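Across the two complexes that follow, subunit A remains constant while its partner is subunit B and subsequently subunit C.
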Partner chain A sequence: MLYVELIAQGLIQGSIYALIALGLTLVYGLLRILHVAHAAFFTLGGYVGVVVANQTGSLAAAIVAAMIVAGLGGIVVFRLCYQPILHQPPFVPLIASIGLYIAAEELFRIVFGPSGLTYKYAFLQGEVELLGFLRFKTGELVVVFGSAAIIGVLSLLQTRTRIGVACQATVSDPQMAESFGISLSRVGDINFFVGSALAAFAGVMVSVLNNMVEPTMGSVPSYKALAIIVLGGLGSVRGTLVAALVLGVVESFGTIYLGHFLDRNAIAFAFLILVLMWRPQGLFARS
Partner chain B sequence: MEYEISLATTMAISVLFALSLNLITGFCGQISLGHAAFLGVGAYTSGMLAKAGVPFLLTLPAAMLLASALGVIVGFASLRVRADFLAITTMGVGFLFVGVVRQQDALGAEMGISAIPDAGMSKFAFMLFAVLAAAAVALLSVYVRGCWMGRVFGAIAEDEDTVRVLGIDVPRFKLTAFALGTALAGLAGALYAQQLKFIAPDSFGFIESITVLSMVVVGGIGSVVGVTVSAAVLSVLPSWFQVIGDYKLLVYGGLLFLMMRFSPGGMAALVARIFHPDRWGTK
Partner chain C sequence: MLRLERFSCGYGLFRAVSELELEVPHGTITGLIGPNGAGKSSTLMCVAGHVNLLAGSIVFDELDIGGLPATERVRRGIAIAPEGRRLFKDLSVEDNLRVGGLIHPAGRFKADRDYVLSLFPRLGERLGSLAANLSGGEQQMLSIGRALMARPKLIMIDELSLGLMPKMVDLCYDALLRLKQDGMTILLVEQNTDRVLSVADHVCVLESGHAVWSGNAADARNDPTLAAAYLGLH
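On to the complex of A and B.
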């Protein structure tokens, strides 16, 4: 019983990780940069979500608004911040991105205050019972099935539409793709839009579940998401999804059995380091 | 005067710490996002030993040795994984350090260690000691950069595979860089613990790692003078201007980003550009 519960909790946490990490992986696959500032869109999503929800009373409107605002923000960051430094050695965009994230976190604190915002209405707080002994909040189920649905639709779009195929082509060979008339900037825009919008969705859902939006809510997920895409083999979408779920489960078991020795974050990174020493290219690297 | 002395001590310790990272990241090109962990190892070693009655000066070698031993272990990771993978691994090491220390009651857990015994030096003597240590490390850095080992470091930073092809034992040099850099970080940590007389796990977390990295990057990766100046300035800026104190992280984050966006070579490159406009872009 305990095991099933731990696995279920791990999968819920894992699907939140997956939503965040997917954007990172899209960006890494395309540009080969570790986009630390990605988590700023998770936080931004939370803030836009709580503000819109409290104004309109509609969670759906909050989610849509958060995803659109974060998506557009992603495009701005790509165009203004990353595109001009793509030809630099990899540590340059990495450090720029860390700087951007720290500055963004401080901006949230200055604009919205350090203590955080809460929802005026209680969304998705009802409880659902499954199999007789597992109890979930409605919100937790929405997270799991919502992310599964979104990821399913995205993978269909990626293989069935012209623009999706263009994205794939760009990832596997940017120069060749460009000579076939694909605009690298537009593919970048799309990837940043989609990735940031997914992070914003995760941000809204997490803030609804905890009924709290804080300036620092992105920091731990941001470092975890980095660990996840590295585990997944950097740039591999399938690897990222599996790694996110695995990490969620490892953490939920770890906090029970190793909790007195390592805290939750340390467990995630201990797992990362162990895996990397065994397979330096990540769990599911493409050759 | 008391206040100026403590500022100067803080400055010297920051310069020492930043130069230690510069050895690894600047000279040898191995990016580290968890360098504060080694500051922490040094601080905890020195603090615990001092509380056990060991004289401060004797805790210094112990702090350096232990930090360096752990540094070599992390150095082994740099042989396994490279570039982006290494950055994330070292970040993990930083989180691991804080996560482990937080749960150890023997190390004071969340509360840290307080009331670390005095070194028996006056404040002024301690400042002189810290400044001399920082100056010695700066001289050591200049020496290392000029010697054969430093040249190999530079070559590894530039193009590791070519160095390997030339028949140079790359792992040995990388491990040396890690051993040296982390030992010096341990020294900085011991001084830090002695200056504040109080340490807690959160002082050695990711933010501290990023702060020291920003000192190195803003100064100019690999430039001894640049890093020294930027570490000295950035470490005391928050106390000089209370306004900046409140917005400290915004300023750090913004500086890091703007520096990378407009001058990836840091201040050193900016200065070089101003004084030698004809050599634009050759380096």
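On to the complex of A and C.
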């Protein structure tokens, strides 16, 4: 019974990681840069969500608004911050990205204050019982099924639509994609929009579950998502999803069995180090 | 159709091709031949928009296209089957063809695909396979097919026969002749000069970035000094 519950809790946490890490993978796959500032869209999602929810009383409106604002913000970051320096060595965009993340955190502090915001209404706090012994917050189920649905729809779009196929072709060989009329800028826009919107969805859900949005809420997810995409084999979408869920479950077991001397994040990184010692290319490296 | 005038291209300070004059008339097959490193592939990639044009001009359909991005050149009617094929390996054969035809409305896909399959029936049996799993010959067919999906006026094919079994080379060359009958203009880069001379109308011989001979393929076939010096014919 305990195991089932731990696995379920791990999958909930893992879905949140997956939502955040997918955007990083999309950007890495396309541009080969580590988009550290990605976690700022997780935080941005949380802030837009709480502000819209408190104004309108509707969580659905908050989620949609957060995803759209973050998605557009992602496009702006791509066009203004990354595109002009893409031809530079990879550490240049990496440093720009770290700087951007720090600036974003400070911006949130200036605009929304250092102490964080809370929801005026209690969303999704009810409890649901499954199988007679598993109890979840409604919000936790929304996270798991919502992310599964969104990711499922995205993967269908990617394989079944012309735009999706164009994005895959661009990741595979950008120069040839251009030779068939695909604009790298537009594919970049799509990837940044989708990735940032997913992170924003995660940001809203985490802030609802914790009833708290604060400027630094993105920092732990930011480096954990980096760990996940390395674990998943850089650039592999499937690897990222599996790695996110595995990490969630490992953390959930770890906090029970090792929690008295290692905290949650230490467990996550100890696991990452162990896996990379065994498979330096990650669990699902692309050939 | 395509005219290169005092054409020089390269990467940074490195000049791959200097002062090349090349004319590819409408409806013909033009062969660009020469040894490894002569600048043949650089020439094609520059016409496609991926290598810097250092001097001179690229005139296509009486318009100078030297300043256009690659995405625009394919819309004007230039498609490439590049060196090394460079297929989208994680995509199926059908999706590779789909990407080839992205500049056209989705409604045209089936008809265009069927035209490619009539040229290369083998691809029809492999539509669902990943491009990475095709044989070398099938990959070359797909690379040409993908370029044809753009419905180009000019198709540029790089190293058509490299690494292919002779039977596959035959199939590809048969397809070229059929394309020519259908009115296509073809610029063909090859190291396999016998093959080129058998189908080409015109040839240009490049060596170390300079054109050392150009003219009718028939004249090239009958020119013993050319054959001995540049073409490795016996």
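As a working rule, the second predicted complex is superposed on the first by the 287 of 287 C-alpha atoms of A that agree within 3 Å, B and C clash if a C-alpha of one lies under 4 Å from a C-alpha of the other, contacts with A are read in each partner's own complex, and residues count from 1 in each chain.
The working rule: contacts are C-beta pairs under 8 Å (C-beta built on N, C-alpha and C of every residue); 3 or more make two chains touch, one makes a residue touch a chain.
These numbers were taken from a predicted model, which means no experiment stands behind them.
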item: Subunit B versus subunit C as contact partner of A:1, first or second or both or neither; value: neither
item: Subunit B versus subunit C, judged by how many residues of subunit A each one touches; value: B
item: Touched partner set for A:180, first subunit B, second subunit C, both or neither; value: second
item: Which of subunit B and subunit C A:169 touches, first, second, both or neither; value: second
item: Which of subunit B and subunit C A:111 touches, first, second, both or neither; value: neither
item: Footprint overlap on subunit A, where subunit B in one structure and subunit C in the other make contact; value: none
item: In the complex, subunit A residues that touch subunit B; value: 32, 34, 81, 84-85, 88-107, 110, 223, 226-227, 230, 234, 260-263, 265-270, 272-273, 276-277, 280, 282
item: Subunit C - residues contacting subunit A, complex; value: 48-50, 69-71, 73-75, 79-80, 82, 86-91, 95-96, 98-100, 102-103, 106, 146, 150
item: Subunit B to subunit A touching residues, read off their complex; value: 25, 31, 33, 77, 80-81, 83-85, 87-89, 91-93, 95-96, 98-100, 102-103, 206-207, 210, 213-214, 217, 247, 249-250, 252-261, 264
item: Complex interface listing, subunit A residues touching subunit C; value: 162, 165-166, 168-169, 172-173, 175-183
